[in-house]
Amino acid sequence: MSKARLEAFSDGVLAVAITLLVLDLHLAPGNGTSLLAQVAAAWPSFAAYVVSFLVIGVIWVNHHSVLRLVVTVDRLLLFWNLILLMFVTAIPFTTATLSAALADGSAADVRVAAVLYGGVSTGFAVAFTLLFGRVTLIEVREGRLDPRERRGALRRFGAGTVFYPLLTIIGIVYAPAMLVGFTALSVYYLFNQTGAAEA
Amino acid sequence: MSKARLEAFSDGVLAVAITLLVLDLHLAPGNGTSLLAQVAAAWPSFAAYVVSFLVIGVIWVNHHSVLRLVVTVDRLLLFWNLILLMFVTAIPFTTATLSAALADGSAADVRVAAVLYGGVSTGFAVAFTLLFGRVTLIEVREGRLDPRERRGALRRFGAGTVFYPLLTIIGIVYAPAMLVGFTALSVYYLFNQTGAAEA
Amino acid sequence: MSKARLEAFSDGVLAVAITLLVLDLHLAPGNGTSLLAQVAAAWPSFAAYVVSFLVIGVIWVNHHSVLRLVVTVDRLLLFWNLILLMFVTAIPFTTATLSAALADGSAADVRVAAVLYGGVSTGFAVAFTLLFGRVTLIEVREGRLDPRERRGALRRFGAGTVFYPLLTIIGIVYAPAMLVGFTALSVYYLFNQTGAAEA
Amino acid sequence: MSKARLEAFSDGVLAVAITLLVLDLHLAPGNGTSLLAQVAAAWPSFAAYVVSFLVIGVIWVNHHSVLRLVVTVDRLLLFWNLILLMFVTAIPFTTATLSAALADGSAADVRVAAVLYGGVSTGFAVAFTLLFGRVTLIEVREGRLDPRERRGALRRFGAGTVFYPLLTIIGIVYAPAMLVGFTALSVYYLFNQTGAAEA
C-alpha cells in the first residue's frame, strides 16, 4: 500500500465530508414565513456549520502531520485510519441533529444531540490516537524513533482526547457552550503542534 | 491511459461513495417523538452505516492491491473497473433500503432488501474478479507472471465471490446475521491477503 | 496553470457527478406498497442509473485521451473544460428527471424529459469538441501537430456530436430506445478510439 | 505541510462544492403540473446553476494562480485557506436560497436571498485577499518578492473585493441583474490576470 494513495483517499473522504455540511443549510422562501425570520431562526445551523467546518478542517491538518511520519503502511494502520474516517464522516449527521435539536427540539432532545455530537468527536479523537500510536510504533520498530520519545509524543497527542468527553459534559449542561469549546479547541489545534511534531 | 489517473478517479469515486453513506443517517428532533426514542429506533441505520463503511473501505484497500500489479491499462481493464465502481456506488442505496426495511418494513420487505444488498455485493465481487482476471492476463502476456501462478491467484481471488451469494441466502433468513457476516468478511479481507499478493 | 491540477479537479468533478447518480435511487419500505412492487416500478431509475454511469464513465476515459495531448494550458482551454464539466454535472439532474417521467409522468412529460436528457448530452458533446479543438490548435501552434492532421482528427472527433441530437429525436419518439442508444454509443466510445488518438 | 496535499484537499472541496450545485435542480414529473411548465417555472434554478458554476470554477482557476506562488505553507496560510473554502462551500446553499426566492418568494425574500448570496461572495473575496496577503508576505520574508511589488499586487488583487458588495447592492434592487454581474465578473476573472501574476 503506497502512502500516496492512502493520502489521496483520506483527503477525498475529508473533502467530501466537510462539503456535505452544507446540505444541512436550507431555507424555504415562500412557505409562509418571511425569509428574514427563517434566517434568524436558523442560527443553530449556521453556527454548527462553522464549528464543524473548523473541526473537520483541523482534523485534515493534523492528519497530514501524522501521515508525514509514515514510511511503511501496514494493515492495522489502514484499519485505524478507516475507523477515524468513519467517525469524521458521521460529523455532518451529528451536526445536523444538533442544529435541528437547538432549533426545534425539547431540552432533553438537545442533551441527546449534544451527547451524539460529543460522542462522535470522542470517537474520532480516540481513533486518531490509535492511528498515531500505530504510526509511531512502526517508527520505533524501524529505528526512526526512540521508544521514550514515542511515549512522550503519544502522551501529548493523546492528552487531546480528554477534552472531547469534557466538552460533551459541558454540552449536556448547555449545548452552545460546547460549540464555543469545539471552536476554541479547533483553533488551538490549528495553530499549535500536537505530539506529532516530536515523533 | 495512465495508471495514476485511473487510481485518482477510482479513489475519488470510492471516497464519495463511502461518504454518501452518512446521508442515510437522519433524525428529526421536534417531530413529536423524543430524540432518544428516535436514536433507539434508528439502530438499523447505524449498524448498516458501520457495515457498509467497512465493506467499501476494504474494497478500496484491495483495489489498491490489484492496481499495484498494473503496468499497462487497456480498454477492457477500464470497462471492468467502471462496472466495479458502478456496483460500489450503488451501496449507499442498498444500505439505505436495508436499514429502512429493518426499521419500517414487513418481513417480506426485509427479505427483498437483503437480496438487493447481497446482490449488489455479489455484483461488485464478480466485477472485481473480472478486473483481477484482466490485470493478471496482461501480466502473463507481458511476461511478468507465469500462467500457472495466475490460475492459482485467480482461483484464490475468485473464491471470495462465493461468500457473497452465501451471505445473501443468510440474509433472506435473518438479515442482521447477514450484516454480521459482511463485517466479519470485511475485517478478514482487511487483514488477510487476497490472491493479489501472489500475482 | 499546471496540467496536473487541471486533471485533478476534472477527475474530482467527474467522480462526484458519477457518484451522485445514486441519490436518484431510493425506495421507501413500509409506505404501504410492498418493496418488491416498488423495485419493479422503479425500473426506469435502475436503467437510467446504468446508462448515465456508463455515459459519465466514458466521458472520463475520453477526457483523459484529450488531456494527454495537452502541454500548455491556456485560459480558453480552461473555459471550455469548465463548460464541459458544467454539462456533465447536470447529468444526475436530467437522469433523475427522465426516470421520474418514465415512472410517473404523462407521455408529454417523457418527451420533455428526453429532450432535457438529450439536450444536456448534446451540450457536453459540443463542449468536448470545442475543448478538443482548442487543445489541438495549441498543438499546431507549438509545432507538435500538422494542421491537416488536426482537421482530420477534429472531423472524426466532432462526428460524434451528431449522434446526440439524433438520439434526442429518437427519445422524443420512444425514450427507452434513446437509453439503449446511449448505452451502445458509450460502449462503442469506450472500446474505440475517438479522433484524439490521431492528434 | 506539503503544498501538494494542500492543493489536493482544496481541489477536492472545490470539486465537491461545484458538483453539489446540481442538487438544487429537481423537477417532479407526475405532480399535476406538466413538466414543460415546471421547466419554464424553474428558470431561476437553471440561471443560478450556471452563474454559481462559473463563480466556483473561476475561484478554482485563481486559487491555483495563488498557490503557484507558495513555497512554504504555514498555519496562518492554512487558516485563511480553510476560511476561503468555508465560504465557497456555502455557495450551493446561497444559490438554492436565491433561486427558490426568485421562484416562490416575496420581493422582500428575494432581497434577503440576494444579500445572503452577495454576502457569502464578499466573504470568500475577503478570505481570498487575506490568503493572497499571507502568501505574498511569506514570499517577501523569504526574499522572493519585493515589498513594493507586493503592495501593488495586493492592491490589484484586493480591488476585486469591492465588486462583490457593489453587486450585492445591485441584487437588493434587482436580483437578476446581480446574477448577470456575477457572470460578467467571473468571465472577466477567468480571462484576465488578477494581481497574482505580478507577485
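Here are some notes:
Letters A, B, C and D mark the chains in the order given here, with residues in each chain numbered from 1 onward.
Criterion: contacts are C-beta pairs under 8 Å (C-beta built on N, C-alpha and C of every residue); 3 or more make two chains touch, one makes a residue touch a chain.
What you see is a predicted model, and the numbers here were worked out from it, not measured in a lab.
Of all residue numbers that take part in the contact between subunit A and subunit B, under half occur on both sides, making this a different-residue interface. Fitting subunit C to subunit D on C-alpha positions gives a rotation angle of 90 degrees, to the nearest 5.
As a whole-number value, the distance joining the C-alpha centres of subunit A and subunit D reads 26 Å.
Averaging Cα coordinates per chain places subunit B and subunit D 36 Å apart.
Multi-chain contact residues of subunit D (touching two or more other chains): 8, 12, 15-16, 20, 23.
Remark: subunit C residues 7-8, 11-12, 14-16, 18-23, 25-30, 34-36, 39, 49-50, 53-54, 57, 60-61, 64-65, 68, 190-191 touch subunit B in the complex. Considering their complex, residues 1-2, 5, 8-9, 12-13, 15-17, 20, 23, 75-76, 78-79, 82, 85-86, 89-90, 92-93, 96-97, 100-101, 103-106, 108-110, 112-113, 116 of subunit B touch subunit C.
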